[in-house]
Amino acid sequence: MAPIIVSLFILPVVVSLLLLFLPKAAAKVLTILATLTLSGISLYLYYSRGDQPIQFAVPAIVDKIVLIADFALLAYVIAQGFLQRNILVWGLAALQAGILAYLAMNMPHGEYMQFYVDNLSLFMFILINVVSGVIAIYSLKYIDEEQCSPFRKKYFLSTIFWFIAAMNLLSAADNLEYFYLFFELTTIASYLFIRFRLDKESKQNALTALWMNQIGGLAILGAIAYTIFTPGYGVPTFSHLLTQAPTVGVILPFAFLAIAGLVKGAQYPFSKWLIGAMVAPTPVSALLHSSTMVKIAPFIILKISPAIQGTPVATVIICLTAFVFIAAAIGALAQDTFKKILAHSTIALLALMILMSAVGTPVAVTAALMLIFFHGVSKCMLFLNAGIMEHVFHMKQTSSMTKLAEVGPYTSLIVAVGFMSLLLPPFGAFIGKWFSIETLGTIGGAVITPGYKLISALILVMIVCGGAVLSLLYFKVLGSMISRTGERDKVKFEKLHPIYRGTMNFLLVTVLLCTIALPWLIPGYFAPVAATIIKSGVPVAFEGFALTIDNVKLPLIPMIAAFVLLPLGIIAAMFVRFKNVDRAKEYACGEKVEYNFASFYFTTEKATPYFVYAGILFFVGILLVGYLM
Amino acid sequence: MNNIVVQILLIALAPILGGLIYGLERKVKARMQRRIGPPLLQPFYDFLKFADKRKMIVHSTHAFLGLLHFVSLWFAVAVLIMGGDFILIIFLHLLSTAVIILAGFSTRSIFSHLGANRSAISVLAYEPVLIIIAISAYMLTGSFDVSALYASEIPVLFKMPLAFIALLLILPVKLKKSPFDVSEAHQEVVGGVELEYSGIFYEAVYTAKWLDYIFVYLLVFMFGGANIWLGLVLVALTFIYINALDNSTARVNYKQMLRFCLWVALPIAFVNLLLTMFGVL
Amino acid sequence: MKLNKYRKKSPWILHYNAGGCNGCDIEILACLGPKYDIERFGMINSGNPKQADVMLITGPVTKRSRERLVDIYSQMPEPKVVVACGSCTCTGGVFRGMYNCEGGVDQYIPVDVYVPGCGCRPEQIIAGVVEALKKLENKTKEIEKSVRLEVAPVESDNQINRREIAAPINNGGKPSVFG
Amino acid sequence: MATQYNIPVGAQHIALLEPLHFKFTTENEKIMKAEANVGYVHRGIEQACCSKFKFRQVSFVVGRVCGLCSISHTTCYSQVAEKLMQLDISKKAKYLRMLVIELDRIHSHLLCLSHVAENSGFEALFMKTMAYREFSMELLEAVCGNRIQYDFSIVGGVTRDLRPDVAKMVLEKLKIFKPQLDELVDIYSNNYTLGLKNKGVGVIAKDDVYRLSAVGPFARAAGIPIDVRNETEDTLPWKEAGFEVVTETTGDVYARNLVRLKELYVSMRIIENVINGLPEGDLAVDFKGFPSGEAINRLEAPRGELFYYAKGNKTQILERLKIKAPTFSNVAAMVHGFHDNEYASAPAIIGSYDPCLSCTSR
């Protein structure tokens, strides 16, 4: 198995290098081929997985290369910091370089495996390779329309594969030192992506992303340091840490790792970089939001969840994410730019995923995995569609989307399905949300301490309110999209470039198929992964027409009926046409008034600083609690 | 609620029952205002009349969403009668509301838009309270199924009195009754989202209102537990309470409504959740 | 099933003031009040043309109102009836011949029932609507075509010549006069 | 981001009795800008009065300017015509005119109050107020012979006498109405939700009333005792009949409601005094000749100061008749009062203005 896994690391790197030199036509073929191969490998790996995790070591020389690469990256960051005159960037990088040098001298040299591939990693492989591959294919057309030199276009495609390689490595890494390198690699890749357009705003936002993610790197170094110097841990690998955690009882390293994840996951107060990333070309947003980068956050938390479950660190993380869920949902309501709405809703849903990961019960973890998967596919679809809307229809604002249903029925269909998959039953994201409410309800019964009960009740209220706010947001967007002036004789899908059409069709079919296949996907795909994470079985059972997972029952008949009624009904509404029915104009008090669309809008300018302060407080809280325990 | 025949009958007759409740309500309301009021079967006369009007719509999407609203609401009511998962029922009800909100947004009619906006705000006002009540019920019975509540030997009312109060506070929002009838507000938005419907398509929206009555009164009935008579008494008392409230208050604006629901009803439901969690009652 | 008979059991009302003096309007409002309580007959003042069956019009139709009047009338789905309340609505009344209004509402839309009186009493309005409902029962769902009545042009002189209210309109029945 | 929403209210809208058009520019339903368009009811009455009708007929025509305050119009015209003709009418006619004007004020104010209640979404209160209002319509019918459009005043006097049994009936019904009015005052001032809808809403402060020259209950609700009944004694003996000014201070919808309610007490007192002290005399004086010269007259209609100007040229037909209705003075203040209010309050605010556009645009 190990060679196949390694091919997942090597292949994207090779493709990435080749893309820099190949001509356009060849690059196209190579991208498509590479995507198919990578997706094929990742699916094959999952399909042929064994019961035991795959562990393998690399030659000792790689250790040295990793260390050199670490310093090279930090040097690059310091150089960028100096060139752009940003003290935060070079200051943080220099600090990391210092700590890394000190750690390198004290690093224990035991016998341990650098890579550890379990079901979670395989799950991530599928998400990363399939979804990012689709984005790479989409970028072939998108970047063609960008105004930049041919080399930069190649460079853009090349960076995507670099990113895929870094993410694959990251999900397989066991050694924290390696993990640190790959973490930094994704940081640098996102930095390069965000400043791709090279205007003032892009550079500024790229620097913000850089320094914020540096804090994540710093946290990982902190974790390594504490691991090395804590008696009982010694060896900085995930698997070792997790096995030793119950006996050692020091959870500060996990607190540090959690912080690294939360920074990547753009939780308050570090949400600014993800919003700022909007200035990059749209495929970048799709890449950052759907399958890569931000998904590191729930990934790390899922990985460490057995160690932190039930500890105060988990409690603080749950509080933070519950707070971020509602704050980001309110923040999203205040936006009008389509991409910004998507970005804020990403932060909110990420918060939910992290929350479920931190809760760590079987159902919660299953829900988190489902959210990760469906959110990845839906958000990818929505972002790529936002790119089409910008390039083909020149629409950026939701308020300008009121004509979309008439000029681009296909595009509006995609938006509708995308948003409904985040809102309506029985799409995955909905079930995830539903599970979260039901699981959180059950926590209070399981845990005895009154304080914890109070907190879990409070969190429930926040989740419920945040969910209501999010649905308000989706109404707003769907509402502006469904608006139309009158009737067309025949629905005619607009003509799109084959690449656009192909990628969108693929994602659309994936969302719908996965939804229909949910009763089989849950026991067959999500439950085994969840079982690996919590290190015990996840009981799934069919009873009558209901799917029972642990203690949560999923009635299938209402779900299927709801699927036929609501999402399909709304889609049908967009294309239906009644015959032999007369049309009348809208009532406007008998006057001829100018129509202008505007729904309620909200501003969060006053509240945003408080969100940030609260976020900082929570981050300090995580460290403090981790230290005190 | 054990008998499957009774359940199916109830589901089939739900719109008719709702129509009767609506007719009774119009009668009671008229009597409270010292009028004679329309006959009891007035809603059905309206229904039959609308069936015979010329079909006029703004556009097909709008009309279709109206029909979909009715069907999905009926479905939500059916799941409630069958005793399904409480959270799922609340979501289904929310989504049937979503359909009518989308219908409001789909036209280029200003009052329709205003109504849709206000309906969306109303959802924000009542949905959290309902879900909190559902979770409290879970804490009580250990199951999210409503059938567990129907089967509860000790009436749910005595176990979660505060939840009942919170429910009473948000009912006017759901039933679009004064003081919280902002989304329908005839004098302001001329009926809101239902404004642009006419003829047979209005019928769907009009009948959906009846189903809403059934939905709400079933929620109230649930608090009686296995004791059917207590449930019926609660329904009757709630009916009188809703009408008395409707006839003694002016309409507040949507901000005041939202503030009231989130700062008064939600905390009450929350306290109830805590009480159930700690097993006080 | 014949649904015709239910039309007269639930007539929903739309009221439009086409430039009257408010007198008849407040009497329509009084009809809604407890003393006359037209909801007894299932009437609701819906205020929304799309769901209304009976259009109550007051006022002599000023030049500025007429476009709105026709706009609202055309948004009402058939079958529908129009009741002209008040003398000036029927014929122009005292305002007949004034430069900004023309004589009566039937110049623009077909009227089914004329309720005279200045101002018309609530009892008269109710009787007029009840009379209109008899007509409503026999109407079809066909679009009602507006027809300009064959009347002598209004003269702007000092003579007030009351018009004969007997001209037949296209949908068969004769207009009824009440009061 | 398109944040502003234009909401049209009128020409046809359920919250309006009359065709008028408001265009509200709102943000999140908060009114940023309001425009009023009031010219729908223009029929050309002034021109017709100066060309089509003889000056004695005009008092019947101007009654049709407005159905709510027709008595004010007919009386005001009759008075201005009497000034042109230099007639002195009997004290009895003056008293009867005051009686009908005050009865009319009761019905008009109650209508306005019920309209405010309806537009605030308080249907039961609307029904209650309408129910209590019916007595005034019955009394008007008993005194004048018609529920609206009484044609009671003519040039030279009044048309009908007050029969003793009618006088007795008026007093009896007023006695019944008094506790009902107390009940209404209680509801309008103490109902919590109505207070939410009405208090601090549609405020027109004292300065604005001066600046925008508002009149009537409008001005009195802001604390300015403007009332023609208080200022002139030359045409009708108001002080003698027991008139006094009612004012409130806050200038919002609530204050306007209270001013109207309290004025009802004053009206009831005036009616009682008039009936108890009704002098003997002629109903109308006979006169010959044609009007000449110019004259003006002012009268307190339910909505404020009504102003008539007439010019005769010694023929049957007046040369010029000019009507300035109270709502005309109030339009500027009306538009001002909407600013920074919720759109949800707009119908109630419109109701509380008690606009009479058929007076304004005639």
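Note that the chains take the letters A, B, C and D in the order they are written out, and that residue 1 is the start of every chain.
Rule of thumb we're sticking to: a contact is a pair of C-beta atoms (placed from the backbone, for glycine too) under 8 Å apart; a residue touches a chain by one contact, two chains touch by 3 or more.
Given the structure is predicted, the values throughout are model-derived calculations rather than measurements.
The central chain of the assembly on a C-alpha centroid basis is B. Counting C-beta pairs in contact, the chain pair with the largest number is A-B.
Averaged C-alpha coordinates put the centre of chain A at 64 Å from the centre of chain C.
Separation between the centroids of chain A and chain D, computed from CA atoms only, is 67 Å. Here the spacing of chain B and chain C, counted between their Cα centres, is 38 Å. Counting only residues that touch two or more partner chains, chain C has 16, 34, 46-50, 68, 72, 75, 77.
Contact with two or more other chains is made by residues 33-35, 54-56, 110-111, 113, 117, 186, 190, 195-196, 198 of chain B.
Shared interface positions of chain D, i.e. residues touching 2 or more other chains, are given as 5-6, 8, 11-14, 29, 127, 131.
Because contacts link each chain to all the remaining chains, their graph is best described as complete.
Residue ranges on chain D touching chain C, taken from their complex, read 11-14, 17-19, 39-45, 47-48, 51-53, 60-61, 64-68, 70, 111, 114-115, 127, 130-131, 133-134, 137, 146-149, 356, 358.
Chain A meets chain D in the complex at residues 336, 397, 399, 588-591, 593-594, 596-598, 600-601.
Chain A contributes residues 405, 423-425, 430, 434, 437-438, 441-442, 444-445, 450, 453-454, 457, 460-461, 464-465, 467-469, 471-472, 475-476, 478-480, 482-487, 552-553, 555, 558-559, 561-562, 565-566, 569-570, 572-574, 576-578, 580-588, 593, 595, 597, 599-600 to its touches with chain B in the complex. Listing the residues of chain D that touch chain A in their complex gives 1-6, 8-13, 21, 23, 27-29. The part of chain B that touches chain D in the complex is made up of residues 32-35, 110-111, 113-114, 117, 178-179, 181-182, 185-188, 190, 246-256.
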